[in-house]
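First chain A sits with chain B, and in the next complex the same chain sits with chain C.
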Partner chain A sequence: MPFIPHTKKDTEEMLDAIGVSDIETLFDEIPDELRIDSLAGVPDALSEMHITRLMRERAEKDGAPLCFIGAGAYEHHIPTAVWDIATRGEYYSAYTPYQAEASQGTLQTIYEYQSMITELTGLDASNASLYDGASGFAEAALMAVRVNRKVKSGRVLVAPGVNPVYVKVANAIAGRQGITFESLPADPQTGNVELEQVDDSCVPVAVVIQQPSFVGTLEDVDRLTDWAHAQGALVVAVVNPTSLALLKAPGHWGQQGADVASGEGQPLGVPLSSGGPYFGFMTCKQKHIRQMPGRIVGRTTDLDGDPGFSLTLQAREQHIRRSKATSNICTNQGLMVTAATIYMALLGYEGLARVAARSHQNTARLIDGLCAIDGIERLYEGPYFHEVALRLDRPVAPVLEALAARDILGGLDLSAYCPDIEDALLVCATETKTDEDIDAYISAMQDIFHSRSQTQPRKSA
Partner chain B sequence: MSEMPGDLLYTKEHEWLRREDDGSVTVGITDHAQTALGDLVYVELPEQGMDLDAEGEMAVVESVKAASDVYAPISGTVEAVNETLADDPERINSDPYGDGWIVRIRPADAIDESELMSPDDYQALLDELDA
Partner chain C sequence: MTKITDKLIFEKSRSGRRAFAQAPQFDSDINIPQQFRRPDRPNLPEASELQVVRHYTRLSQKNFSIDTQFYPLGSCTMKYNPRACNALALLPGFAGRHPLGPESHGQGFMKCMFELQEMLKDVTGMKGVSLTPMAGAQGELAGVAMIRAYHEARGDDERVEILVPDAAHGTNPATATMCGCIVKEIPTDSEGDINIDALKAALGPKTAGIMLTNPSTLGVFERHITLVDELVRDAGGLLYYDGANLNAILGKVRPGDMGFDVIHMNLHKTFSTPHGGGGPGSGAVGVNDRLLPFMPIPVIGADVTGGETVYRWFAEKDLPQSIGRLSGFMGNSGVLLRAYVYMRMIGRNGMRRIAEFATLNANYLMVKLEESGFELAFPNRRASHEFIVTLKKEAKSYDLTAMDLAKALLDRNYHAPTTYFPLLVPECLLIEPTETESKETLDGFVDAMVHIANAARDKGETYKEAPYTMPVRRLDDVKAARQLDIRYQRDSE
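On to the complex of A and B.
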């Protein structure tokens, strides 16, 4: 369905119909002091030719470094067909369509997306997506509080492995709505939850478990899920969709499965592109569907008995329920979801499992090579997926600088995100890295650690 | 023309109340309300034992076209909820004053009828809405 903007004539006719001379008069009730005529710091418009050149020059400054950073956004190979199809005029919209009669194709695409995501997460129902993983987590916490209304504590227990940025965002969105996010204690050996030390004096409304954790470890999700349910809490899973091709789906965690799963959808066909746009996904058990935020596409039968698709359960939403809606989210990331649907359809089960397995193998090769260097070891023991935290014998920042000088983005300096962890580097090698790429990183790291001129170990080490 | 039993009390929010012999009060929504909402698909019920404030939100009734709050007509405690509505919300459409009851409340105080509407008052309200 193409977008056709108003012509000058359309606008004039509309103004004429309501008896207003021009647009300015239409808005004349807005006082002058509330108006902003020009935005400070925003330059004048440029022609297409100039802006293309400017953007190309800026993009070139990025270069094409070898990227070993993950930490929530992952570089994966995206088949050319994904964005070739997603950007066709028939699909090219950022929004969910309201008009079922004019949008069957788009609605079916979203329906297929929902079907794929529910299968991947092992849960019953999916929404049409949310803004990103972080806001998805906040919405999942709010949803858990609505579902588990018997528990009034508002206490959401967060496993230590949940992305610290997500917790920040959730605090900003939900922290003023009677919800407190409390961190569960961590076992320093494994980085995972230490249940024995949990303060169980007050019943939590929900327990949030991220798998794999932000620092790359794998939690004992079955045990944690059963523990949370025994406490009367709901379980919110935060998961990496690629990992679900290999790891147990949240719907099968423990005896009863997680109640809600959410996560960052970017790994499914969305490029890194400086942090966005991405999309968040969310699925839940059927019995919780009326508390799920966002749009949901349903399959139905039309008057002639033919299958059709439409938005459903809209009474939960803002345009009908106003301030009592399940969320202020009344849209989805339509274009990103279209890309993800095509990505998943092209790869299939086997393809996604191969991406996941290759990413794991590549990370294993990288870790083995790096840990053979004197002064580098794993921060936590235990299994991992495609991301691992390493402890260095020296500050991380200068090491990353030295790697960047060799055109390698060596990972994430964890100290900026986890204040109690010092000299730790989070690295990730997806399927996009060849053995040569990985060996180049290892040999660069060897050089840096062996030549004392660039970086030095801490004296205590 | 909506059905409207003469032995009930009503509210301007289109709830009805029946005073039971044991002193409790059964509450539902009126025939007019269920007609206006259309086919109900979901009812969110309060929990048993929950304390209610008069005019506070008590339940949500959702139809294919709208979701509306049901308000507590009096202060009190939820003594029973009509659990059958969870699987069969259309009972409210088919029998709003009978099988479609929503909650039974144990009133906190003596009921002040001047705060509620008689069948005649409620009929007058409906006539006004129709006008």
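On to the complex of A and C.
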């Protein structure tokens, strides 16, 4: 019996102690008409050897293509030590640290995580993480509404550069609570917010700014932050943690800084793994902490006066407040946060800055090479971090298919995400790509554009 | 364990020290204008690779975990997490796959996910499964949102009340509120079943649905489930199944057959994915026919052409009435892979055995503790896969509270049971051994419980200051909240 230790003798002794003749009797409170005999849809058990073989075959089938897709999840080198330690049984198979004295490892790790992520974002307070960047954004919007109680509009203004999936997720999670998400107008040249065209008849409760934007551009975050604060709105920043080694921290945006920062933590040592498990980080100004959702770890002292760690401010949470909690959220992404903490400790600021700089340079090399091809140009002007939108003279989907046939994942077809953008491709080259990798992509793209057999430019182009 | 204070990694940091093997080279200026650049230098640790490895390895050793201790945590299903599940989910082809990679480079992964959906449908008796919710609480959110969407699609806009038993997990009412619903609590009767009169009184034209856990968080099977089903249905409401306790009934009875319209499963409980020190979870949802159009997206579908099966994402176009997306991509896919491997290793017959031996262990432990003088909250009932001991008597006679006993257990190398939940049982210990623990472990736990209680009763032993042998003594939670210290700051030392 896989993972069940009972010998026949054990079972007999236990049944005897209970005073029943067989295990089936233990289910006698379940009405007979509801009982089932077998599960037709579950196959017979496989041994570890057989499931290993099956999973290897399937993993190999998906291969190891050269990947230039970003769009919210980024391939970075993960030092071996990160997951070697994170998957130690003492981290991997531990429960939520409610029994603080028996959970000091996890608790101190989260405290160190909170310290690191507040440093990166330039804000005062962090929680122990949320599910992922998208749901974290929804929670950040809900938090902003709770904090900014004097504004009753429920109107959250979203910069055009915010990941469109995040807005969908926020609508699904928060849309039932009287919140509306409205897009700010965009300047077609830069892709960034066009403040002159904003309808300011109704005070927004919050303004959301993503930096770098989903399409890779850099917003004038100082101006936007000051504008939003002048309107009486809170500023929610959505940021990429790797970029914060180079780019201005949300806590320092404008005169007063963003009020809440959130984002996808995956770039900090978490494998791509088809989209999860990742973690969402969230930090805020000290004065807003009582409206923060999720677990928070604090440092305190024990009976001997020695330092120790425990979950704190639990009066915000669902297991105490029930229907009046700040959120229904219960779990954080403990294991991913453990990995991220080890990742940040190993890299330090210098290492993270090098990852960021190398990713920026690799992307620059890729863009220069691709834009030298007739029929490819940048969609927007201006500076970028490690991701850029390109305009092609032809539909993107067949180009991506032709690249995939050569085992190159050439980027994201933006038209599927941003319906008003046509023939645009979002590309990213992180530090994991060598010059040879980048040149292989450029050369494949040249072939595809030159041989007219597979893809063709639109006639008007 | 012995008491050791480990400095923070920040305090071990030395300016200029680095883990050099981890830093890529770059060779020219960064072409980003100064206005966007960061002028300050964030304070991350500066440490060697060995220092970092040693630091976090040492910290890990300060944790209790399933791999090192027995964890009889009620409602949490702390069973063994098989090593193979982790190793196989992290195979390079899976771990390295970008979530937005083309379906052509994802058929292996997608086949696993499709088969997982099919297996989960079968074990729950539901018609459709969406894997995207990232934790139990998010599965609950999806479920309640689907119930509302269902009523609204029928023009039944007034149904905004969600009924929740008073024994329910706190996420139930919190979720209902997040979905814009009004929560009505239903009391429990003295035998642990739902109070039918109170239920009847609460039902009405505003009832959207009821959220139930069965077996309940009281550790007993809700015997009136068929009646509850009829009453709620007659009132026009839907039934939501909280799958927290699915482990107790696997292969024995299915939520779909009990009449539930929608369920969430805690894959990190029943299907043994790791708790990870507080996550990631995974809260797949199952639905019956009525709620199929409203499932959260994406789900994985199979197109069969010319004898060949091609897996693809079903999203907005395929499910236009969906409640939408709950995660940036498709949920905690790596957790789902672990659950898939686990289910394949357990197999058809193994599913039943999980429920059988989890129930055997719980009933054995319950009988042994009762024989040893502990009082059960529901002595006339069978245990499901968990049960409740109340220390009401011990607390009154010799001041042994649930908290004291929990902390004293830590000193005897057992994790504490769940304490003070459900809230309606005084001095409550909710105990769930799971099927993966041996008889010797259960006997040892009984001995520890008896030893602690006897010492309190006979020798006046108090445990107000326990534990004594952990890396820290009992912590000052009041100070933690009042003098908030939630991050290291360079100048704070």
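Here is the rule we go by: the second predicted complex is superposed on the first by the 410 of 461 C-alpha atoms of A that agree within 3 Å, B and C clash if a C-alpha of one lies under 4 Å from a C-alpha of the other, contacts with A are read in each partner's own complex, and residues count from 1 in each chain.
To be clear about the criterion, a residue touches a chain if its C-beta (ideal position, glycine included) is under 8 Å from a C-beta of that chain, and two chains touch if they have at least 3 such contacts.
Please read these numbers as outputs of a predicted model, since none were measured by experiment.
K.L.:
After superposition on the shared chain, which partner residues are touched by A:E431: those of chain B (first), chain C (second), both, or neither?
P.N.:
Only chain C; A:E431 stays clear of chain B.
K.L.:
If you stack the two complexes on chain A, which partner ends up touching A:K324: first (chain B), second (chain C), both, or neither?
P.N.:
both
K.L.:
Now for A:T300: first (chain B), second (chain C), both, or neither, which partner does it touch?
P.N.:
Only chain C; A:T300 stays clear of chain B.
K.L.:
Just checking: does A:R290 make contact with chain B only, chain C only, both, or neither of them? Give me first, second, both or neither.
P.N.:
first
K.L.:
Compare chain B and chain C by how many residues of chain A each one touches, and report the one with more.
P.N.:
C
K.L.:
Applying the document's definition of touch, where does A:K150 land relative to chain B and chain C: first, second, both, or neither?
P.N.:
So A:K150 only meets chain B here.
K.L.:
Determine, under the contact definition given at the top, whether A:G89 touches first (chain B), second (chain C), both, or neither.
P.N.:
After superposing on A, A:G89 lies in contact with chain C but is clear of chain B.
K.L.:
Let me check the overlay on chain A: which residues of chain A are in contact with chain B and also with chain C?
P.N.:
In chain A, residues 315, 320-321, 324 are touched by chain B and also by chain C.
K.L.:
For chain B, which residues count as touching chain A in their complex?
P.N.:
Where chain B meets chain A, its residues are 41-42, 44, 47, 60, 62-67, 69.
K.L.:
Under the definition above, what is the set of chain A residues touching chain B in their complex?
P.N.:
The contact residues of chain A facing chain B are 149-150, 290, 315-316, 320-321, 324.
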